């Protein structure tokens, strides 16, 4: 005989909701998917359209003939004018490369620095740790504008303007507080027993960290790495102001060059947007479980 | 550990030092100094074909790094670097709106001695917009000024033989065009609360024989009998009389050009010489090849117009000032100027009168005689160069003029408000 | 029985007796080792933040207390807090603040309503849930600059897709210049919410999953229907998660910049406080006022975040 819903709930079994609720949920899910993917789909479709397709009024949803011209122009470089700035043959490719390089370097550095700090704040006792912890977190509210001129001058004096190292260091300082916070919370939720056991067995603190805690943190490290990667890739104002050479102009800055008042070349702009969104999309989809876990885990 | 210590020491050392890094303090040029083998960086918001840039290296032995960024981004970078007093490039973009702000702050090297009187004369009155405090801070590399465009076919259909030269004639022409309905609206005029929508008001004021500012850069448009007031009333009337579409109040300058190219209006009052080849290009414009240039009308004959050129300038933090000057001079050579106009990528309209005449005579400069004739009527918007507070004034004016055009304020209210705001801006930045 | 004993010995070794820290012979060394390691592990982060955040902030604050000078090194008059009062009195600031209030209000309303709806729909397991959630994160993962670019085609004036749809549905007669109209701020907020919603939804899902099923079954026994359950059980228990979601949404909306910049530049009609700071610093080249403004915004943001957190946590279970 079919058990009652409550009986099933009491035994922890899954409960199938009534059909009306399920239908409603299905509609909500479809709406969410359309909402999340819609603009991306629009971008993709626009990028394979031609200029005339885009300029017809009222707009056509799908192009007459799909074309990869926009991509060709971006990658191989055409001397077409993109509004007020002409597309240089290597500018887009170089900026993608620069985005990827700086993102990888900044991610490795940020995760390394934040990992040890987060662990230290959550597991180790030392004088002033609490004050230092809150001081670091407090820097999260400081907007970039307050720092930028003095930062520029400091960086110039250290000969770090227009260098990837300079960008990496600044990304690091703006991203570390959040990453430290995430690692701190994550460590707090990890069981202490393995570490305690190692210490009893005679390990030094550092060794215990390396051999026991670090492997425990694997999934958290993956998650924070993904999050920091996305943050670094999305940086815009800092590289805009601290770099003007191709190797320090990431794709986020280059795209704003295209978006001028006079830009009407939508296919080209959309193609740039689509190529630019591929790295973060891949990271987000591959590591989505870790990201979700980390973000929702820091609620409590 | 050592790295951190090193970083700390470097910071201390850096913090103690006060002046900027690695730039020569002198602001004068040594024309005979050898520049061969030096390296300079140029920062502009436009790409230039490498083949043209290579000619500079071949000619002078100076190697070149050419950096680009979007227009707004270039300005942001220049402001940050110059405020911090550090090197960003040897030659940079210098827009006419920068004159008071950048020149007045002492960020750039005066160029008049380096360029020489002959070159300056040839650069014509357009270059005066880069003058302030008795110095010239930039050399015009991309000419731009305002003149009118009209659809000759529409004119012919209405029996109008010449482009109007006075405002009285303009009224007649607009009424005729409206009556004959050769185009949905006679006039395309951007009036949005943007830079492009504000320019017509500047233009009309100058064309009607007035000024916005006196020689001390103090506002003169607040009085009810000022020319600026009449110019604003002209815009409001144009809306009322149906000379321009109601949507003009949110129309920016590029869409205004697009409308004209789509045949929605017979006259583009505040156009530029660079628009003409585009408007006569059949692949882009529906009204090709009927577009002609017309001198901006005035009170008793063609009126004044103003220039909005972009120039090349040398920051005081530049590392190789003589090589930078050599670059600017190379850029201004006639053969370079002609290449930069005709290569199909840059399309920089030259500033040198002699070069413009050459291009007109060889048929390469479209638009006919109006293009060169308009140059005789160019006056600077600010007699003493755009002041440091120009950006604030511009932003404020965009909102207030648009409010008056939309009927949210009366024109005299708007201008009075703008006038008092301007006084505040001028006082707070001194 | 082995584990408890282990724990006792571990605690003893680490210097903790049954009643707390004991002055065991092993304690000073271990504590010092711990402190030593602790400091070494946090020094990299602390040093970098000190050099590249604290130091520039101090210099910046100093700049904001002086009159505007052409360069950082140039001598300038000390004016105390005059720049701050200038900014507070400036009409451009007022309009930017008004715009920001709208951005925040619309963003929070959309995020909470849509966030709750999405979280309720997604927190229970169903086939394909993993994939749906993976797709859901996408808007959050993209740089907001790129998001703005994607949305531009939709919001474009002449032949944007929004215009096309509305024209074909005969809801409007001519294409509208959305970003210059009264709809500009709501539409830009929509783009912003598109990017932030995934984070909000994840937080709310975590909150929902923290509510034990027994609570629902108990109330079902008492005769509560789904709607009453939601209102009287779910929402109160969701308060901590809502608190976090609201705080994050609030701070993100107050500092909105990238989307506005890509969609409408520094246009006055859509300027938020951060856009106005950008205008002051990078268009007017007025660092003294700009930095003062930035500090004011930072202080206001911190205050709002604290108030929001406290208010939402007021009645925590």
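A, B and C label the chains in the order they appear, each numbered from 1.
Going forward, a residue touches a chain if its C-beta (ideal position, glycine included) is under 8 Å from a C-beta of that chain, and two chains touch if they have at least 3 such contacts.
Values in this document were obtained by computation on a predicted structure and should not be read as measured data.
Undergrad: So that we know how the chains sit together, what is the shape of their touch graph: line, ring, star, complete or other?
TA: Its topology is that of a complete graph.
Undergrad: Where is the C-beta contact count highest, in terms of which two chains?
TA: Counting C-beta pairs in contact per chain pair, the top pair is A-C.
Undergrad: Can you give the whole-Å distance between the Cα centres of chain A and chain B?
TA: Centres of chain A and chain B (C-alpha means) sit 39 Å apart.
Undergrad: In angstrom, rounded to a whole number, how far apart do the mean CA points of chain A and chain C lie?
TA: Going by mean C-alpha positions, chain A sits 15 Å from chain C.
Undergrad: Could you tell me which residues belong to chain B and also touch two or more other chains?
TA: 7, 11, 20, 72, 76, 80, 83-85, 258, in rising order.
Undergrad: Chain C: which residues touch two or more other chains?
TA: Within chain C, the residues that touch at least two other chains are 44, 51, 55, 72, 158, 265, 281, 287.
Undergrad: Among all residues of chain A, which ones touch two or more of the remaining chains?
TA: Expected reply: 148-149, 153-154, 256, 258-259, 261.
Undergrad: Inside the complex, what are the residues of chain B that reach chain C?
TA: That would be residues 4, 7-8, 11, 18-20, 72, 75-76, 79-80, 82-85, 101-102, 105-107, 192-194, 247, 250, 255, 258, 388-389, 391-392, 395-396, 398-399, 428-429 of chain B.
Undergrad: Show me the residue ranges of chain C that touch chain B in the complex, using the header's touch definition.
TA: Residue list for chain C touching chain B: 43-44, 47, 51, 55, 68, 70-73, 86, 92, 157-158, 174, 177, 180-181, 265-269, 279, 281-287.
Undergrad: Can you check the complex and tell me which residues of chain B touch chain A?
TA: 7, 10-11, 13-15, 17, 20-21, 43, 45-47, 49, 65, 67-73, 76-77, 80-81, 83-89, 196, 252, 254, 258, 344-346
Undergrad: Residues of chain C touching chain A in their complex?
TA: Touching chain A: residues 6-7, 9-10, 13-14, 31, 33-39, 41-42, 44-46, 48-49, 51-57, 59-61, 63, 72, 117-118, 121-122, 124-126, 130, 132-154, 156, 158-161, 163-164, 167-168, 175, 194, 198-199, 202-203, 205-207, 209-210, 213-214, 216-217, 220-221, 226, 240-241, 244, 251, 255, 257-258, 261-262, 265, 274, 277-278, 281, 287, 290-291, 294-295, 297-298, 301-302, 305 of chain C.
Undergrad: Could you please specify the touching residues of chain A with respect to chain B in the complex?
TA: 79, 81, 84-88, 91, 148-149, 152-154, 156-159, 161, 240-241, 244-246, 249, 253, 256-262, 264
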